[in-house]
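Structures are listed in the sections that come next.
What follows is a pair of complexes built around subunit A, which joins subunit B in one and subunit C in the other.
Right, the complex of A and B next:
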């Protein structure tokens, strides 16, 4: 009886939490439909095409999952940081450096087979974590807000990586006159993340799901999860209760950066087989990850589901573009509107928090 | 009769907050509604003020049935409310805050001169002295409250509701507030006073409703009742008086030596040396804002003192992290339950776990045991009679008194030798206050050393074995129990000396 009521409550809570994301998706699809109508196409057919192109065939589905892999990792990075109260947006930079580190390690390190993959993943994790720690350090020492530091560091990472693959570490076999993005050397196939089965998605996706599980476990079953959540809910309460804010800041930043860095590695090792200039920046993986995390309310499992949907939107969108000559930008519009609608919530939460803090302060001053 | 509420019923889920409540208010009357936390007095006023809608029942204002969808509707009907937490813009002036939303205009512009004039006139008419040009940020709490009242008067309210107005005030400010209430009533305004401070009720109210468990259980004229009767009606049983007995003092558990704190060139704490021994409650009396919070922050590790030492159970913990100080044997009931003492959006389980998260059986090697955490939370909720639907509900869903009980439960259950206890009963009803006091006395009997910081002088005098008086960051006196009366302590608290008495 009791457990039945509890499960009822859980269901209710999930529905509650899902209301806004569902509404956000619905509204953005409707607005997307309006855009499609304006360019004189049938939105129902277009969306049908999009769904088919994302999930309709195995090849399509695998493409979607491949694209979802770095998005999931970027989403987890956001979940970890934001749930703890640090609104960091440095996933992109960490992912870029992670991809670069993995591509270089897998190309240059003279290690046999699986060991080389491990070393590449490790390099990506370490680089991502360090880069993330840097913004944590800027915050702790100089009070640089996360939004500013992480966004700026993203540019630095992207152009630094661009420099590396354009000049000192450019693929030695590349044709100088080729009209394509600069890239690093091609990783030997034994050092890439292979498909699970031929024609399927690469192992990076499985590792991403493992990361989802680990994050879920961290959040719900460990003292780290408890401490970071308390820090996110009320930093002063956490301090009062003996949780060291400094320790939590760095732990959270390390974990978050590690996830993003690995996301970059999965893309470099599983998908591209090298670092290609702008491969993370132009695809917006990290931002899609952020949208996914927002949609899921910082729940890791939900983030994975939302990531796959967003990846489907992009992959299905290109099919839609090809078959119905609807510009891919429609998909960007849809994702943009979702972001906007979810950030409305974020702003509202931030505003109400500020209000509550202020009101509470009035009481404290007494 | 200026308004009447008939047969109001309001439920939240399964909880009946108001059960067939009927009450009325006469013109020029001060009506008090007293009751414990959760008795439903705030709910009934929220309904009257348009913040909540009743499930059933009727509100009649000035002979007409009314339905308020929001506070603006209520305000339009002449009902204003002074909330516990003030809604003022700190960087703006008193006058600007008062006329907010109804500015005095000249064309499209705000007429500043006229604004000041209007506000000045308003303040004189009701005898509420303020400086219209002062910035809110520079005003003490008592003045801010006065600004709130003027804001409501400016909007021509005929009925003014005060929700626990004295909770945030110093004793002197309370006197001024009571005077204000009387003069407002004399000017023909009708006042509803929600409180659980019976002294204030007896001092100003004409008529009193007592609420218990969502119902009105008694209506009395102030001239026909006394504090004892009201207290019994409120809690449903007679109150215990405190005879705390002789302290069994033992070794010194908490000691500070020459503790100083300088902030922005200002001496916040000046050479504070105090000690708390096993088995005693030591009170710190003072008008709030004289360094009590800073002293507690320095002892508990929330801040580092500039100089001096803090010793807990023989360990020098000066400037050490909170974790280390707590491990040395200290618990801390913080002065503000929502800012420091809890995560309002967290569950009761999460809130009771704080401080024990790294201990067996709640966690081992970093993995938490949800079962143990739930059992523990449920045990504390039961032991301390916290009114809660489930250990998984959110902290903010508890009433203030129950939230406080849970925090006290958490800290006392740590079983530490030293307990720092700040404003343990602020905004808490008599029943909860009594139970919190009893728990503190029990811990004292078990040999704990308790440092009690409270702006309620009666609380300090009732519970303490020894009292320090703090004024402007300095201890200006130390007295054993019973050697001082409240008048003389009050004098020291505001910077006087005992020689000033004559």
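Right, the complex of A and C next:
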């Protein structure tokens, strides 16, 4: 009797969690259809092209998975931080610096193939983690809100990387007619992340799936999830329970930054083969990752699925534009509407975190 | 019988037309979002114009981020377009990679070098036009010492323009000094507007407008400042931007990407499109200056006097004939701008 009730509860929870994203996607697609109709095209045919362009051919599917890779990692970074009660939005900056670190290590380090790839991934992870720790430190020492510090650090990272690839670390092999190419040197092919099989997505995607599993395991099968949440929401209570909130804060920030940094590395080593100016900023991978995480209710597995969906929207848009002459902006509108609809949830999560912290502070004062 | 023959004729013509449509070449243009940026609008307009001549199916793929360049190239190749024309430096790498694996598809890129013998790359010696603009500024404002520059992005990509303009200016006013500002956009006029007002306050009468579509901000500032009795003059970029309602736009630095698109499309349909790097210069008509190498919509003869035009034309002739050879430093680190 009890097990039947439990399974009903579980099903209810799943349905509950799935309802909002599904409704959001449905409404977004309907609103997108209105936009498509306004520009005089057939929405059914357009969406057909979009789906075909995202998943219909191997090359399209691989592009979707390739684009999904950094989004998944950005989403995991958000999952880790937000589930622990820290509303950090610094995935973009960490991803940028991770991509730059990986690109430079893979280009300049005098190491043989696999070792160079490992060194590049390590560099990206360390740089991402350190940059993330910086916002943790600002929060701990000066009570700087995560939203402000991480957003500002994103800009700093982007301009710093832009400076590096425009000036001191610009592609040394570029000729005078390639002077507009704001990018670092081309990584030799032996130091890039190879495709799983020829013509398939690179190994970064597999590593991203591994990261999904690790994150899920950490939060679902270890005490880390509980400890980190306690540390983030109620430092006093955590301390009372023998958990060091300071340690948890830095651990969470390190893990979150590491994921984002690796996401940048996968993009630089697996997709671009170098650091290209704005490659993370203009694509909005980290923000798409945040949308994916919100869509999935901060569930790592759901985040991966949502990331693939969002990547498909973007990649399918190219084929839709090519064969239906529909502007890519329509695709961006749909993604924008999803973000907007999800922001209701974002506000709810942020509000509940704030409420929990306030209650904890109230308890401390009493 | 007549009806039957007529019907057969109509059917034959209809099938022939359908066949011709099905056989029509397919051309994909891959670029940044087009908007009002003349660097891109010129290409799109030219490609649309030549559709009437060659009857090809034209699709424009606008890439709103760096990753979409790759997916757009993949899509155009997967859909077996006949000619894929990339505009902008981002196209170089993807065109070169795709050309290696896609036989039977022609690849061309504008404003970059794909570095591949399977891609027709069309680039420019823009420093020639920038030098001309610098010389023109010197001749038009011989008593000025402070000159402004508002560009899109600071970095290696704009070095050609900055170096060319500075050298042209110094060739006429050796002790001229400059100040540089950047909009960080190809289309945002707002920062250009603010920078123009600041540079005027710093003592600049002439501001080199190298902010692409963002130059509109400089032009608006010029009109507004004129009402206060403060005058600044500027130039357009890429296409002729002179117009009667704004006498403060005295010329334009031309980079005619439309001419380049025409060269590529004509060559492709004539079967003479050659792969490798093609560098277009002033003598090819692809770069130049309004009122010097080509006519403009409006001439402010008070500023661009006959003497100024004649002196600047002499510089243009020297560049075109090869009498004046501009040798740019390989890197910005090897050059010092005279700043104020």
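Everything below uses one rule, namely that the second predicted complex is superposed on the first by the 323 of 366 C-alpha atoms of A that agree within 3 Å, B and C clash if a C-alpha of one lies under 4 Å from a C-alpha of the other, contacts with A are read in each partner's own complex, and residues count from 1 in each chain.
As a convention for this text, contacts are C-beta pairs under 8 Å (C-beta built on N, C-alpha and C of every residue); 3 or more make two chains touch, one makes a residue touch a chain.
These figures come from a predicted structure and were not determined experimentally.
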item	value
Touched partner set for A:113, first subunit B, second subunit C, both or neither	neither
First, second, both or neither for A:242, with subunit B first and subunit C second	first
Contacts of A:271 with subunit B and subunit C, given as first, second, both or neither	second
Partner chain in contact with A:53 - subunit B first, subunit C second, else both or neither	second
Touched partner set for A:234, first subunit B, second subunit C, both or neither	first
Partner chain in contact with A:188 - subunit B first, subunit C second, else both or neither	neither
Subunit C versus subunit B, contacts on subunit A by residue	C
Of all residues in subunit C, those that touch subunit A in their complex	28, 33, 59-68, 70-72, 74-79, 89-90, 92, 111-113, 115, 121, 123, 153-157, 159-160, 277, 279, 328, 330, 332-333
Complex contacts: residues of subunit B adjacent to subunit A	84-88, 141, 144, 167-169, 288-289, 300, 302, 321-323, 326-327, 332, 334-336, 338-346, 350, 353-355, 357-358, 363, 366-368, 370
Contact set on subunit A toward subunit C in their complex	53, 57, 59-60, 63, 67, 162, 166-167, 170, 174-182, 271-272, 276-279, 282-284, 314-315, 317-319, 321-323, 325, 327-329, 332
Subunit A residues touching subunit B - in the complex, by the definition given at the top	221-227, 229-230, 233-234, 236-244, 356, 359-366
